[in-house]
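Sharing a structure, written as structure tokens. Questions coming.
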Amino acid sequence: MTRLEEEKVFKDPVHKYIYVQDQLIWDLINTPEFQRLRRIRQLGTTYLTFHGAEHSRFSHSLGVYEITRRIISQFERSEYRDWPREEKLVCLCAALLHDLGHGPFSHSIEEVMEFDHEEWSCHIIEGNTEVNRLLSAVEPDFPTKVASIIRKTYEQPIVVNLVSSQMDADRMDYLLRDAYFTGANYGTFDLDRVLRVLRPHQGRIVVKESGMHAVEDYLMSRYQMYWQVYFHPVTRSSEIILRKILLRAQELCHSGYSFRWIPEPIMRLFRQELDVPTYLKLDEALVQTAFAAWTEEEDKLLAGLCSRFLHRKLYKYITFDREHESEAQLCLEELVAAGMNPNYELEIDFPYDLPYHVYRSPVEGQSEGGRGKPPILLLEPHGGLTEISRRSDVVQSITGMHRGQYRLYYDEEAAKLISHRLKPGVLTRLGLDA
Amino acid sequence: MTRLEEEKVFKDPVHKYIYVQDQLIWDLINTPEFQRLRRIRQLGTTYLTFHGAEHSRFSHSLGVYEITRRIISQFERSEYRDWPREEKLVCLCAALLHDLGHGPFSHSIEEVMEFDHEEWSCHIIEGNTEVNRLLSAVEPDFPTKVASIIRKTYEQPIVVNLVSSQMDADRMDYLLRDAYFTGANYGTFDLDRVLRVLRPHQGRIVVKESGMHAVEDYLMSRYQMYWQVYFHPVTRSSEIILRKILLRAQELCHSGYSFRWIPEPIMRLFRQELDVPTYLKLDEALVQTAFAAWTEEEDKLLAGLCSRFLHRKLYKYITFDREHESEAQLCLEELVAAGMNPNYELEIDFPYDLPYHVYRSPVEGQSEGGRGKPPILLLEPHGGLTEISRRSDVVQSITGMHRGQYRLYYDEEAAKLISHRLKPGVLTRLGLDA
Amino acid sequence: MTRLEEEKVFKDPVHKYIYVQDQLIWDLINTPEFQRLRRIRQLGTTYLTFHGAEHSRFSHSLGVYEITRRIISQFERSEYRDWPREEKLVCLCAALLHDLGHGPFSHSIEEVMEFDHEEWSCHIIEGNTEVNRLLSAVEPDFPTKVASIIRKTYEQPIVVNLVSSQMDADRMDYLLRDAYFTGANYGTFDLDRVLRVLRPHQGRIVVKESGMHAVEDYLMSRYQMYWQVYFHPVTRSSEIILRKILLRAQELCHSGYSFRWIPEPIMRLFRQELDVPTYLKLDEALVQTAFAAWTEEEDKLLAGLCSRFLHRKLYKYITFDREHESEAQLCLEELVAAGMNPNYELEIDFPYDLPYHVYRSPVEGQSEGGRGKPPILLLEPHGGLTEISRRSDVVQSITGMHRGQYRLYYDEEAAKLISHRLKPGVLTRLGLDA
Amino acid sequence: MTRLEEEKVFKDPVHKYIYVQDQLIWDLINTPEFQRLRRIRQLGTTYLTFHGAEHSRFSHSLGVYEITRRIISQFERSEYRDWPREEKLVCLCAALLHDLGHGPFSHSIEEVMEFDHEEWSCHIIEGNTEVNRLLSAVEPDFPTKVASIIRKTYEQPIVVNLVSSQMDADRMDYLLRDAYFTGANYGTFDLDRVLRVLRPHQGRIVVKESGMHAVEDYLMSRYQMYWQVYFHPVTRSSEIILRKILLRAQELCHSGYSFRWIPEPIMRLFRQELDVPTYLKLDEALVQTAFAAWTEEEDKLLAGLCSRFLHRKLYKYITFDREHESEAQLCLEELVAAGMNPNYELEIDFPYDLPYHVYRSPVEGQSEGGRGKPPILLLEPHGGLTEISRRSDVVQSITGMHRGQYRLYYDEEAAKLISHRLKPGVLTRLGLDA
């Protein structure tokens, strides 16, 4: 682990400075694979709702690294025995690289194309890349170690726990960063305060008991961000358009349609023929350029959707209370009966899967396996561990939550064209009765 | 001027909220021409130096609008007689639209291609566009009015002055916004304080005398931003690479080189055959996608430069004090003599043309014509006007400033290849003697 | 209602600027009665825990005025019909003056001396004071109107509701202000966002439905402030010392003890012989000066307590879980049995009366009378009103909360003196067994 | 140097947290002498102008300690050879204690009473105090060492330089703190950035060359604070009243006047009979309580001045340009001729002694001796040192500055009484001609 002769810094709006002390970290940041993350936005299409949200996964990855560095530095300074000092470098690498496999608009593309960005992170780390060469130079199985942390199979559970839990550096950075760039200051929490209450303890990162309110503060900011930013109805609308573009283009691709222009990596994405070098060519500039070109495609459906995305002419929506899901379904069916295209002009959305997202307490008889992230544990003065929702009514209140509304998104122009065939009730609901 | 039934807001990290009260403003924001500004970064290649600087001209344009709105609102509330109330709407439109003509990486492209974004703003406003249709609906010559404010020929000089001066809403917003997104908090000044000291006065916007320190504060933040952000040597390096890419590609284009792929609008840019619809297709996604594709072009020079830009492998530099310009020239000549390509592998840069940029006081016998922006005037208690640098030593100190250094940027790999032909002095200077 | 020729401002760290537009408001601020609030700290003894918390009720009162001004200004700008415009001035006066009757360390003194600061606010407004003369000049019964708003008997319920509810300008200002001065940034919420969702509606101030999360944000910041600041165990300790000083001094006073020096207004406070002019002489400088003098009194108990307060030698404490109240009682009894003074050297504290403090939802069959503040109501799209805890699980979670601990505060030096008489269990509990 | 078992923190609004790691620092903070600083405001009477400025010297002293701690910690982390590691503890003590000798409203009292707070700091450190006992326990001459740093005679010049220079921790903390509490955000600079450019170098703290703009930023914030806060005309007015009270009371005291009540320590202050224990009883609560009592003294002059101070009825002022000093003098003389009291009802003020205050460059042939603080030096890449104003035009511009105005402060009521004897010109100047 070679130290840089002089510490280097990045100016960062969220953490003020990001400190790099190791040659390896510096070199990893300067690989083409890591630089590519500059061309992937952290929040996908959210910039169409919050215009400040243009920040990239590059800046987020640096932030995750920095928070991890601070946590480890505090563990070292306090000389906690449960922290394995020799794991520092591998831990920092995993923190820095865990998002390396994110593609353009990953959230939406993953839903449509069924692939997994964490798997791609590992492919890149273990493949024929500059990142791999740098990691291998430390020791031959170093890339595998880093990848196994991302895969959560690393032999030291505390390292996995530090990089991936329900209060990990990843979540802490993106909450603060997304709040900063969107301007949603209700998403802010006191990072220094949270870092001060973390403790390494028997293979886990836990929270000392007096830190309960600090965790509540963090979880409430998460709660606010979910409702105000991540589940914003306009963002959902732009994601729906984006998904429909991908579905239509893939459909055309499979049907042998001849595109005026389609970039090779996107073609291979649709055909599920991606390898690492091609995958690394996928970025949001490419996708957006394809969409811009497709606004002039012959296929009107595709051209229209792309034009909507490019010029931000999103679908409108009406809402239905949670208990009236069937009404939403009925309304959709009537619109289809009147002639609207159920695949491309309509969609029912129910985004409020909160328990999973804001905080999930372990349910009895259910393992934490799969993608589940470990819960937040309080370290009692006598040494026992208590899952936080058992102690905090506030956390409890957002753990079991199932509020929210169904939303029916629709193409308003298309609806107007068939409005003469709609019943008065639906017309009123859509505001087309005037 | 139709008011919206209910005020609409944009969440903005810099101004907290941006308030829209007029239907026209709302509609203008929703045109494809204005939405295109989302795809143009405010600070060009600066994101390669300050990773947070991903913000778009879209957000800046909203900010300029908002500051203008607040200034006018304060003028109205205080019932100043020198403010022509009937100019509000045209003024807000000009503030919102003044950057409409910015192209991708405008600063660099304008230098290479010799065109002017303000002229393009006017073309778009006066051309066959949605923006034009909306403005024309107010009254037939409304687009011309808006364009004439941008051209600084509008009949009401106070409106031109509000939209364009050395302390206009444009500069105020970009200083605050660039400081926010880069994280360079030394670029911050107290906007509320500055707004409170502005006064409309006989066809100009002036500053009441007690506001002198507020203006100094604003100008010093400008000064700091110039040195720390706008003239940052790494940013200059990325701009040099960018310009060289454009020069090489244009050269190839003119010489009949057959690109594997070159987007139509870029081809027409090189051939100076741009019309408004094609111009509107130019955005940074397109340029970046072209660069990415060109990394695989047969022309090694172009491919190499594009690869540098994409993966942020920028040119190194060495500095020469202002008084040693000739040394920089000698050094360059020696490198050329040793075999380096003077057009593509080397460049001397001297960015510190501060008097023009930070603040320019009017020089006797010199008109303010051309692109010169009016100076900042203090309104004395007895009603006279004094140019600020005559009253403030601080402003004076940054007005006549000619410090700064020459920098010789060079392709380090190319220099290494010919290093055996270099004299020891140059080798030492480039750090290649070890 | 005479407007000032030119708007005046106060620079305020919390609201940036406080704007005064009316001559009356300006004059009220400049009365001796209002200036006296500079000598009363907003948070009593909290500065002994959070050293930044030196801010005065003067600054808080200006802040309450400013928030009220902004709310009214927004109601006027939006031309809401349910807002009675003619009530503006009386409402601003009540907001500004509602804390006029606060005495030194009011919270503690009120507990010991059984008086009510709101009653004193009314006495000052209606008594022979400068404030009264200024208000009477508007119209003879104007002081009574202002006082009746504070007494919550004013004929326009919406005005009372604006000045006093569970989300009034008072609470909003003190949360933000206390968070700012203590440095507890987890107590911050987005004021602009909250103000944007308030609506006047049929004699009440309500929240439009989409504002629910904004209210949650506000209530959670309140919740955090209660646990982190207002109920901080060290602050409680200083309040206990303060109360014991007052009790002892009053006891001495009643028993005919001859003080070396006791200020006249404090003597009359103990004798319950206060009139308005004497009351106005009570400030924290006087109380602190008396305490400093009393460190040299012959009565050792009083002198010791005063010395503790002055030099911040507070009582230590041990905690007992809520369900173990009896243990706390037993421990206290044992200490008394061993010789400690139950009145002055010991106290059990249970401060967590949260439902009342953070948010209280109306209980069925219980009126809102007395000092109860009206609940927060959501305005449904169809016009109905719903109390917020019925809609928000988060609010619900902090409404019925009864967590918290008992704390036994004790004089450590006194405990050491009698420690040889204590059982081992108690010794261990107090950490005196080493 | 015993480390605390667990690091302790103070929540601080300016530095977020203040970290205490040594038992000695913790114990020093808890002495009565240091706790007394809670009762001395950092900015004297400034709270009468900026209502937020209630912060104490206690919080400032903690801040100076914290900045010093951070500087040393960075020096240690970077392993700079020119930093003598063994000096850490003595340096931290001096930083913490350097303001220990400040009295109530020190600035004003020092002017009137001719004493020196730094001398008092040393008296307290070397006298029979708890602070002395704690320091002596380290080693017998430790108190002397600490005092000699404050006296600037300590054998290690770099330690003196760290604690006292024109860019020392004292100035850095008070600029940030005063900006925070007044709300004057134009007084903010980027502390992290400044700390990053400091270097220990041959017995001095210098600034690495690339840090020049960071220093400019710091000095400009200082410049803004001087003009906007420290020299604010209203603050000057309150200081004038305060000085006149002290002068009058001292005069009465010397003339044998029998006060209804005068606290012993104040009496001894007037008689210059202060010893350490009595000095420690002087705090602002005591002074303010005396003033409040004196509003009822028989001496009308004293009673009137005290009433003005207590109720903030300050003197009005008129301004004269720097070149018209004689006019100010003439005006004053005329008012005296008409019957005003030259000692108590009038004062000419010229506060703008900027070169001394904002930044003073060393003048040739002039030593740095006495209270002069060392200049700021840039460390050139080749190792030479350059005084900053030789390199920075901005610093140069505020170094030789002699702008500013004379102000004639006067008792407006007294002026009105004799206004019939004044010439029309003076009447107009005072606005008494209407």
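All chains are identified by letter, namely A, B, C and D, in their written order; residue positions are counted from 1 within each chain.
Heads up, the rule we're going with is that a residue touches a chain if its C-beta (ideal position, glycine included) is under 8 Å from a C-beta of that chain, and two chains touch if they have at least 3 such contacts.
Please read all numbers here as calculations on a predicted model, not as lab measurements.
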Worksheet item: Counting C-beta pairs in contact, does B-D beat B-C or the other way around?
Response: B-D
Discussion item. Using only Cα atoms to place each chain's centre, name the chain farthest from chain C.
Written reply: B
Discussion item. Roughly how far is chain B from chain D, centre to centre by C-alpha average, rounded to an integer in Å?
Written reply: 43
Discussion item. Distance between chain B and chain C based on Cα centroids, please, to the nearest Å.
Written reply: 51
Worksheet item: Taking each residue of chain D in turn, which ones touch at least two of the other chains?
Response: 16
Worksheet item: In the complex of these two chains, what residues of chain D are touching chain B?
Response: 185-186, 188-190, 193, 213-214, 216-217, 220, 223-224, 227-228, 393-394, 396-398, 401, 403
Fill in: Of all residues in chain B, those that touch chain C in their complex
7, 9, 16-17, 78, 192, 196
Worksheet entry | Partner chain A, residues of chain B touching it in the complex | 10-14, 16, 30-32, 35, 38-39, 41, 47-48, 50-52, 54-56, 58-59, 62, 180-184, 263, 281, 283-286, 288-289, 292, 310-313
